[in-house]
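You will see subunit A twice below: alongside subunit B first, and alongside subunit C after that.
Take a look at the complex of A and B:
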């Protein structure tokens, strides 16, 4: 108790000088390692933060509403499967080179050639420079959420990369440690395991407010206890969303602010459908019915009115095309679980299941223990395995090495359901960290294709709704809860683009556009 | 026996050691009967009581999934003691055999055996264990294997140096003169004279093996959940400092008590058996 009093006293002292004016000091935050700086390889939250600050995209999600607004583009036209963008003529890269249509073409080509990160969004897209400030994209197959996908196409400085690429065709080495964008922040040092330091780009085409941080230190892989202590001592500003709820609660009780980013994703226990006994649909249904959803929801509550998630109603998060209504909230049903298990081809007494959890996300260990006890109630043995993220994302490339159950948080990377579900369930997407299910189902594939090609909202709604029903029937995944990211923050910062719904982008990580944050002077 | 107890009794520190060791051993042996929540040893969660400090119900508080920490510590002692006993049942005999042969026979036997020992001793013990655990799967058996592999060379080294000096003693020469076999001389003449030192080292090592095993599981390389283990309890709790201090402090104290007890007892035995440092 004494420690707590001290900390509280320390924090009170820190709060005592309430920020009167935001003046652009240093912003310190953390994320899970590694920080991938190459925009063509970026895939997780840390990478997104880097991508959205060092690079810009043609369009941005509209703040506080649906749809997209021009950003590097000044306007666009859609003609069937051809999208033509006029670029702003006042944009320069951080190197001083002006932004040209050929940079956009180069960025698409580089992305698809490397085939990593979000490149799957741009498969079959041909970009052509019509003139120096006009670029057109032709899609091989219709893809209705294409505009949304463009928020994942960071524009790279072609001339700079060409000058520095050495023997490599696409300059991977250069771009993995240097920025080559137009973004509001310039990378001054980058160590993917430790820290990226960025400073304000004074020549940013939209200008950067005085109050926005001058310097940003994004640190990787800090321990929860370290973050807890640093924030209490006023030496850290925004904690990653991966802090356990207890720690976030303790910080909030000590006076830290809580930013909630309403996401477009969920928490999943993904079953490897290629590995016995999970290749039997009834076994999968049994395990999905046995999971204690209510307790999972209790575990993520932070304060009485802030929680890191809400109950799942099916395979698609509430608020997206095809989501089920609240009457379909998932609950534990042991009776049903036993019925399904009885029809499963495998003998439950001989089953031993691996339940993995990501070492950087301590909360998942508790879900593992919860699920293990649920399985024990069914008479099924299980083993808990702790996997660091780097090891996990490597292991899933081979279904044999993929654990029976993988716990994953996934978000729609462009805000569109296609980018949540296609990468998880289409048979061609199997074997990534988003798809450890390795699902191969023709019906699912068909609905996914229909969802991305249908041109009207009603048709997309129908396709995703059918997909939802099919997925609930196939049970490749246990849909834990729809999630919300909670960030504990010091009182030195203000981040309306994360926490204020009227200014939020509705796209995970984009709220961390530092140019829209405010920090007191240090 | 009475003399032993009296001598131990005269040294209050070794008496304390004996009491602590007795407590730890009793706690482990009686865990199923004395622990308040015996089922918390396994795959059980009880979120109603999760993450609570010490209360009348849970004297040492509960962990993040509501398991009683006291119960888990008692069961963790079982694992720690079992692991230490297995390691100390394998490592000292192997090391002693190697040391005796090398020390008594000399020549190429000595050269080969002791160079092998040197190779093992040149690798920092924890690094060797981590490397082994990295290759193998993290299980209790493999943890025991890893600790055993890093432990036997120390006994080989100890017995070797003892055997070397005993080799020149009059009683060994006398045995050689009357034509005793190598086996007889090493095991019946030299070994009994090395035993006090070996036993003392084993007692001291109980504590060190517990520490090393806990370090391995602290790093996530030892016993896997839900099996309780002191090292992993400390590791898990460390994330929630300083707020949920009971998660770390009590398992940490439990390690301290066991290691401290065995060390004090080992010191006492050393005095009792007249072993030089």
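Take a look at the complex of A and C:
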């Protein structure tokens, strides 16, 4: 009898501890503060997560492949610089208002008028409502990645904003604490420094799976020690990508799963091509050959198989138009570095280089130290300088004040190479945080122009491929590694749109579309 | 003479009121000085606030128009003039960090920090003073040594180190206390005062109160530890000094109980210097709380203050610093009044002057 009781108790316990099927519990994750809910002001990762869940866009990147698929739009036509979209007729905002062409027009106008966040993607775009469900965009200048740019145009409920805008023209106060989208998740509370709470939108036009989280708590600004303890206690589900590698490693050793989001960006050591000795191409080539790429990747490795970076094969990250194949993986070559240095017009013994790192990104100090030792192997002196972001972005506006080497992580904000490369290398973009190289090369400019105006994918591929070759030859930048975002997560969650390449969007943050996640109910 | 003016005269003649008015006057001048100083310093930090707010890719003309709207291109004296004008209307401007009016942010974040600081202050006084008394009473013996070691430990390690240690001990290895936030997700408490422990009581929800209280324990203890050590050391040192005064020898000669001597004749005069430091410590915690707030995900003003400085959010920097300065001044006035009340020499000398 007693044995039976124990057996029954054991069985019950076993049932209780077996993870139940994915059934839509609460999902808890964190990001760096502050969570910007206004889609016209959104600019970083936390904002993207909010944007992609509370709002929808006309198109979405195709999951697991190149190109875009209709989302709020049912189809579109391109006629030169005019893009005409037919909207779905079954979409309603969370307020109950139906989606109309005037909402799309309002969203573009609002974004460009406020001039913040991703609005620069829509400069010179005029939107017109052709009828209630047709909208057309006319571009001032031809811009073939326009469809890609639309993933950064969340559609706002015009009527709701107009009703709540008070005496502001564009209702910024209302939209900074309330959602006004069609998205799969409805904001129920928002404190930009603490957390945003969202619940499933049962009337979402595509429906939301049962297993998707019912409630999401997106917390802001948690410390690494806090996240670690919360996950260990089962009180947190997905940690942000900004945890130090040691903490992610420790979490993984404690049994957390690791999601890797293959990014559309990279880590760069940018050389100021206007400052001696970096105005000499052979000097630049020497330093690019001297950088220890393998060690840099080992420094950000989480486990033997997972790393926050993969080897770069050239100037364009793997997976984008014009990227080189794996045979072109960047590696250190000291012999070649010495050869280049011998042909450089400057005497290495008289060179002293400034290697800067951004104070807010402590990881970069390690790369600076690594590079300093690589330079020392070449017999070149260098000095490491720490720059707060605000100071750095001010210094780069003047080439004379820009350090020899600047370390930057850059992403293609729409997933298209144009948004990564044009801002970095076009001569008209020089002197911004993305372009401390101050590159001025007519050939590079021509390829970049071709890349944004060519109408066929093949022509764009060719343009970017040539650009890649040209950039590798000019060596304005040391292409450190292609970036991957690593998220430690509890075993309650399944997020294929982040971790499964065949379902990934290829756009930072979009994998956090909660409607595509599964959570165990507890 | 009309009774009203007599009453007014009488109140003005009261030494404590005179002291209060005098302190308020000085505080007002200090506040103006602080606001000018911070106004200038905030503008000297590198970086263009308009550029930071609009993002790195904003068009130059849009950055210029935001600069113009914020009067950033005007001479600094004119900018300060606009600031003072807005403050007199109760408008601290808009935060570029949270995109909300700074006053809304302060109203939302200040109570959380005040609750934390009050709790830490109570622990600091409630533990620091008795430990100091104990050490002085058993001067040179083991309780004295124990308190000294404890005080040294707490003073030498900053509060965020204690925050992490306490979290590891009492939340990770022994899961006794919650780690993050002010209350568990399951409770929906209407905001009345912004103090979670008080609001849960107003809502009549004792279980939620207990939950909010348990959230408060670790951050408050972490924040108070260095203050406890300081209060204990000061109280002890002052009391040891007072023990050597002739009037104590006299009390001992009369055969009073040692505990009575300690409590009444030694403690009270020794409290005055400790009180000044405790008051300063208490106000300083408002600014120092930010790392503890960060570790325990406490949505307070201190954390907000650091975030806005990093983003060069000028309006929010001014708002936060002014609130902290005002609290500092209020606490100082209270301490001065308390000291005047405790110290008969100050009390009576003021009365004679009057």
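Just a few scattered comments:
Please note the rule applied: the second predicted complex is superposed on the first by the 331 of 522 C-alpha atoms of A that agree within 3 Å, B and C clash if a C-alpha of one lies under 4 Å from a C-alpha of the other, contacts with A are read in each partner's own complex, and residues count from 1 in each chain.
Following the convention adopted for this analysis, contacts are C-beta pairs under 8 Å (C-beta built on N, C-alpha and C of every residue); 3 or more make two chains touch, one makes a residue touch a chain.
Just so you know, these numbers come straight off a predicted model, no measurement behind them.
Of the two partner chains, subunit C is the only one touched by A:38; subunit B is not.
In the superposition on chain A, contact is made by A:382 with subunit B only, not with subunit C. Looking at the shared chain after the overlay, A:433 reaches subunit C, while subunit B stays out of its contact range. By the touch criterion stated above, A:223 is placed in contact with subunit B and with subunit C alike.
In the superposed pair of complexes, A:117 makes contact with subunit C only, with no contact to subunit B.
Judged by the touch definition given at the top, the superposed model places A:26 against subunit C, while subunit B stays out of reach. When both complexes are overlaid on chain A, the residue A:177 reaches subunit C alone and has no touch with subunit B. By the touch criterion defined above, A:393 lies against subunit C but remains apart from subunit B after alignment on the C-alpha atoms of chain A. In the superposed model, A:351 makes contact with neither subunit B nor subunit C.
The interface of subunit A with subunit B overlaps its interface with subunit C at residues 223, 225, 229.
The part of subunit A that touches subunit B in the complex is made up of residues 3-4, 7, 223-225, 228-229, 244, 246-247, 250, 295, 298-299, 359, 362, 365-366, 368-370, 372-373, 375-376, 382-386. Looking at the complex, you find that subunit A touches subunit C at residues 26, 33-34, 36, 38, 41, 43, 115-120, 123, 172-173, 176-177, 191-195, 217, 219, 221-223, 225-226, 229-230, 232-233, 235, 360, 388-391, 393-394, 423, 432-434. Of all the residues in subunit B, the ones that touch subunit A in their complex are 42-45, 47, 50-51, 64-65, 220, 224-226, 236, 238-245.
Looking at the complex, you find that subunit C touches subunit A at residues 45-48, 51-59, 62, 65-66, 97-101, 108-109, 164, 167-168, 171-172, 175, 179-181, 185, 294-297, 299, 303-304, 307, 310, 312.
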